[in-house]
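Order of writing sets the chain letters: A, B, C, D and E. Residues in each chain are counted from 1.
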Amino acid sequence: MSLFKELDWKPMALVPVLALAALPAIGSPSTWLTLTVAGLAMGMIVFIIASGLTLVFGLMDVLNFGHGVFIALGAFVATTVLASMGSYTTADSLWLNLLALLPAMLVAMAVAGALGLVFERLIIRPVYGMHLKQILITMGGMIIGEELIKVIWGPEQIPLPLPEALRGAVLMGDAAVEKYRLLAVLVGAAVFAAMVWTLNRTKVGLLIRAGVQDREMVESLGYRIRRLFVGVFVAGSALAGLGGVMWGLYQQNVTPQMGAQVNVLIFIVIIIGGLGSTLGALIGALLVGLMANYTGFLVPKVALFSNIALMVAILLWRPQGVYPVTNR
Amino acid sequence: MSEVLLKLEQVHTHIGAYHILHGVDLVVPKGELTMLLGRNGAGKTTTLRTIMGLWHASQGTVVLDGQDITQKPTPDIAHSGVAYVPESMGIFSDLSVRENMLLAARGARTLDDIDTTRLEWIFGLFPAMKKFWTHPAGKLSGGQKQMLAVSRAIVEPRKLLLIDEPSKGLAPAIIQNMIEAFRQLKAAQTTILLVEQNFNFARQLGDTVAVMDDGRVVHSGSMAELAADESMQSRLLGLSLGAHQ
Amino acid sequence: QSNKGEIRIAHVYDKTGPLEAYAKQTHTGLMMGLNYATGGTMMVGGKKLVVIEKDSQFKPDVGKAQLAAAFADDKADIAVGPTGSGVALAMLPVAEEYKKILLVEPAVADSITGDKWNKYIFRTGRNSSQDAISNAVALDKAGVSIATLAQDYAFGRDGVKAFKDAVKTAKIVHEEYLPTSTTDFTAGAQRLIDKLKDQPGRKVIFIIWAGAGNPFKIADLDLKRYNIEIATGGNILPAMAAYKNFPGMEGATYYYFGIPKNPVNEAMVADHYKQFKSPPDFFTAGGFSAAMAVVTALKKTNGDTKTDTLIKTMEGMSFETPKGTMTFRQEDHQAMQSMYHFKIKVDPAFPWGVPELVREIKPADMNVPVRNKR
Amino acid sequence: MLSNDLPRSRWLAALLVILFLGLAFAPFLFPGVKALNVAAKVLVFVALVASFDLLLGYTGIVSFAHTMFFGIGAYGVAIALSAVEEPSWGAIALGVLCALAVSLVLSLMIGLFSLRVRAIFFAMITLAVASAFLTLASQLSDFTGGEDGLSFSVPELLSPGFTLSEEPLVTPLGEVDLNGKLITYYLIFAAVTAIFLTILRIVNSPFGRVLQAIRENDFRAEALGYRTVVYRTLSNVLSAGFATLAGCLLALWLRYNGPDTSLSFEIMLDILLIVVIGGMGTLYGALIGSVLFVLAQSYLQDLLRLAGEATEGIPLLPALLTPDRWLLWMGVLFVLSVYYFPTGIVGKLRERAVLARLKGMK
Amino acid sequence: MSQLSTQDLTVRFGGHVAVNRVTCAFQPGTLTAIVGPNGAGKTTYFNLISGQIRASAGSVHLNGVDVSALGAPARAQAGLGRAFQLTNLFPNLTVRENVRLAVQARAGAGLNLWRIWSDRKDLVVRADEVLETVALADKRDALAASLPHGDQRKLEVGILMALEPQVFMFDEPTAGMSVDEVPVILNLIRQLKADKTKTILLVEHKMDVVRELSDRIIVLHNGELVADGDPATVIASPVVQQAYLGINPEEKEAA
């Protein structure tokens, strides 16, 4: 009667299988290594920006097309915070750099979370359980949010330079791995661990899933589902804010549209993962990251469709995604 | 004679534009089992939902243990010690039986926190629960779902149980188990308000009885009295002599 | 049909949408330019200049409808705009239908003054060829190996083609096209590295990229270890922040406020600092140039807005702009203009990499092909 | 005519008649190029949204690929007319037929392959397919004109150059040019009316009733003997077909088509919003919603300009009320319409009628 | 000849065998009651016959024709009709429309795109007739979702009636129905029996109903057919007495 179900290893094997399958096609081991490490790290970044959506869309069943706004917001907040800590970011010391990034991340998460609170209240609450209206109203929220960002920060793109010590790459033989991607792997792993712990070791995950199916019954059992949903939504938004910081730093600039641009991508990741599964989302993100790099190297034209092809292939194999948590 | 645990006074409930309950008066004595009977559409389910706060009364008061709960939110009502088995059972079909039970045990963070003797007691009543412990609840048979719904309500001790037609879909042997279970609960000072169509079942268990029709309570009294008076049964419940139960 | 005492100029531009930032600059420049050209009176030949703003929202169909409405409902005499090339292309036939001039600024597609051109179309903005050729001129030296990196659609491919055509002595070793939506450039960079690393001499990756995604990230893969450099054209100031990481990077730009030395530019820079406490940018110069073209033409016709007269006047007309003298080429009405070969310097006083002038590339130095079938 | 599907509310009936007449005489009631453009856009949206309502409101399928079919129609006409030297009716017919054929095949494929998966997955698959199609359309630039799209001319009779009379018709409301654009407008008007009435007939047929049943409970519909895959696919195909026709009309009107004009996700959202504002599964909502939405979209900026001028001097407000921020208010419109019209305008009017009748009975 | 028969019908869910090699034949004009403890596989057996679930092994024959390869819609069209244990309606359609859809399915008119539904008066009239027989005529304009539980059960039965199948499968039709309404349904089933051309299968836990209506009882237990015969004998059999009715002193003590 352990809390952990027996792990289904097949989807996890997909990642190494894909990587190994690409090796002969690519030929040069150092190129392969560069692409693979970059792809995995990219997957981690994608996982971070998608992690909030796992909660909001995967578990709470809210088709939040406005998720991107929180991503953009996080990134913009980071530009402001980092700009005010100029000396820390330009210093050539990793520790000082990280000391600047940490508050940037925390403030971004706090602001995105706070906006999430408002968003839940005004936009999501009337439409729980109604997909179509969720799409519309959150799209509306997205447009409003994007425009408000323009009102506050202006319509231009704003540079978000990487702190000094995180620029460039480390060399492993002939293969180069960007330093920043290594940081992303660490952050991604931390997010993953935190989510897995919370969802599997507490009743939160169960309650959300139950609440989506039958709110009234959960309330009849004595849980304040409303408060819980608010909390989870806020957490999801805060994670999106964190994702925005990571994504903005990766792009090294931020635009008001940046959230909208990753919208489809993160939906694909969540769907590949099977709605609501943290592990699934991670695997989905890693696959997307690898696939983009391999096809981008081998046949760039196809790279355009690689995500979609990947999703379709996975859905043909497992029509509910790799780790369906919910039966939706 | 005994104390009153739950009291409804002149409760009116609307669903949307429809006026469903027209002034329900109901008294549920503490530690007893009260039967709520009535034809289809009489308003029994609506009454339970109103008590639970799932629909709010537009007029009148619901008092639980001296506290006015008329306008309280559902979770608060549940916290004051009420468990509810809805007519549609309210099974979380995505979740396993185990997870359904874990959620019902509000005090428990993990399964280990659940009182094992109580769990064993439930398994004894409804062996299927043990057998399908890790199965998705949505895949259970109709009767098994009903068992799960009742099991959830009794996994922890509660002051008051509101149960809507627990016997439907259950095999006779299980119904007997359930009757036994309710007796034991009653002995443990749990008050029960039970909606039932199965008169046989009702007769075996009920201490007091209230009969509803058209959104009102049209009769209340002791079960023994109603069980003995067949003409009253047929008048109130449309029960003809020797009817099928 | 004539507007008594008024000359109506419709500015149809992508005021909202992804190009909002560019569009704003154009409009600022246009208004400053009109003001400057009329000496602050906004009058030409005794007629008042009235600017009607129309938002084409970066949507071709909207642009089309807005231009038609400007000509038909608002009785505009001449139109300026739009920002996006797609929008501009859709608008061209409308000018022809209404027999009114559309002065294209700053949409860059070659086909605007190429095969989609009609005689009502003029353009003050540079076209893609001018961009590409000037960059080619800047980079084209013996012993240089160049690989191009561009977006995989018409704009990118045309640019590379014009660039290739203009390169005479350097060697083009590879053309890399990546989807417009690319965010991870590792794969493309790896292909570029593979192609370039064993080349002798100077090695350059020339980037033509507009819109989302940051191709300069390829530098993070430590291109220096193979002595590979990056080159690209100019851009708006916020985008040039990324150039700070590439001191010494070369390329050719359309405009940077510190480069051209002439009275018009000085006036514009000063006025811009006065109004906005910041220097004018890439597209401000464009809007300003368009205004100069319009007013110069109107002055010549003494306020006559008859289209035929205007066309006759403007063909071959030279006018002063912040970039020096421009001339509308007779054949395709494209304004011939200087471009600037630059080298990036890092100056802590500016949040962007500062392009320093290496050499002004005069129109005569660029052989910009005429592509319309007149 | 109305297939026995009456408006069932006096206000609704009156509103529908007014809108119908307004569109029928729009060129004369609201002279001007912009107004005519707006009216034509309304018409195209009525057909487009009605076809989507067949799918969403009646069959309960959320698809994001509807603009794909709209785009196929628009590209069909655009490519056909760009390919020929001299624009002809034959080319238009060919373009329409080819577009319909492509839509048929695609919608059949999407239907048969993906309608078996769960609703939300279907929605996501169509979203992905639509975005892939959009990419494809901009990639195949030799064929589609890429990002820049295609500008083309239409047969003489429909072109602005064709005039019925030299002099504009002078009406008390303004001058009306009697030219090919006017003819095109009435061509579109007739086509949209026909499409709308056909869809109305379909949703009120026994077939349409089954669609609603499937929307409510597909499992049960199967148990009654209805093969849901067949019905859903057919509904998908029909709706795609009508959307294709709407696309053809759009191209004829604009004499231009490009990826953004007919394929973008934004249009998809507009369609969704119109369906919701108007009232899902009512069809009449398509008319009301389209009029409201297109008007708002077209005149919001003008309105904001006025509002901005009125509030000058007040801090912050002008920054929000500039025409540049019209999208902000569009977003607010999205949110508010979902808030206040949970059943759409048609639903709301019908509810009122029912309540009035209930009161009348007492 | 038997109208309906199953041969070695089996279905496994993971490791669990829910119906295990059930071979049985059913004659027209007889009502066979299927009894068994909760989870015995009764509903699953129905699901297998009507095609809601595909069998892992075995076959279903209707009038001697193997229908195992057909899906649920085709089997419904072929004459296998069923009502569901857990109410399964079109919640936001009216009561009449719920029934009319079944009538329309029976008439095979679903793929008609051009006629207007209300022009098929015959279908509407037939639907109203059916509503009359299940005593729901006065509620025909209400939405199915707003009916009280008992009425929903009646509607469930009405839909089955409207389908006019050859084989009727009732899954606890009277569960949750109030005592005064039960006779309506029982009379309906009696009439069907009187028709003599219909095969009727009834799952029911109320033993008095079973006793009164059935011509034959089969017992399922853990997915297997463990008894089959005339009502009196089967009810008296030890397996029914113990496993089903719970008349077993030891079990009671365990509880």
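Convention: contacts are C-beta pairs under 8 Å (C-beta built on N, C-alpha and C of every residue); 3 or more make two chains touch, one makes a residue touch a chain.
What you see is a predicted model, and the numbers here were worked out from it, not measured in a lab.
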Check your understanding: If you check the contacts of chain A and chain C, which chains show up for both?
Key -> D
Exercise for review: Between D-E and C-D, name the chain pair that shares the greater number of C-beta pairs in contact.
Suggested key: D-E
Revision key, fill the gap. Relative to chain D, largest Cα-centroid distance belongs to chain B
Revision key, fill the gap. Separation of the C-alpha centres, chain B versus chain D, in whole Å, is 51
Check your understanding: Between chain C and chain D, what's the gap in Å when you average each chain's C-alpha atoms?
Key -> 36
Revision key, fill the gap. Taking each chain's mean CA coordinate, chain B and chain E are separated, in whole Å, by 28
Revision key, fill the gap. Taking each chain's mean CA coordinate, chain A and chain E are separated, in whole Å, by 49
Practice item. Could you check chain D for residues that touch two or more other chains and list them? Key: 135, 139, 327
Study note, to complete from the structure: By the touch definition above, chain C meets two or more other chains at residues 20, 152, 179, 181
Revision key, fill the gap. Shared-interface residues of chain A (touching two or more other chains) are 150, 304
Review point. Which of the chains touch, listed as pairs?
Key: A-B, A-C, A-D, B-E, C-D, D-E
Point to revise | List of chain A residues in touch with chain C within their complex | key: 28, 31, 34-35, 38-39, 42, 150, 154-159, 161, 167-169, 171, 176, 178, 180, 250-253, 255, 257-258, 261, 289, 292-297, 300-301, 303-304
Review point. Which bits of chain B are touching chain E when the two form their complex?
Key: 15, 18, 38-42, 45, 87, 124-125, 128, 132, 139-144, 146-147, 165, 168-174, 176-177, 180-181, 197, 199, 237-240, 243-245
Exercise for review: Can you check the complex and tell me which residues of chain D touch chain C?
Suggested key: 32-34, 37, 135, 138-139, 141, 146-149, 151, 153, 160-161, 254-256, 258, 260-261, 301, 323-324, 326-327
**Study point:** chain B - residues contacting chain A, complex
**Key:** 52, 54, 73-75, 78-79, 83-84, 86, 90, 92-95, 98-100, 102-104, 106, 109-111, 133-134, 136, 138, 152
Review point. Which part of chain A faces chain B closely enough to touch in the complex?
Key: 1, 3, 202-203, 206-207, 209-210, 213-214, 216-225, 326-327
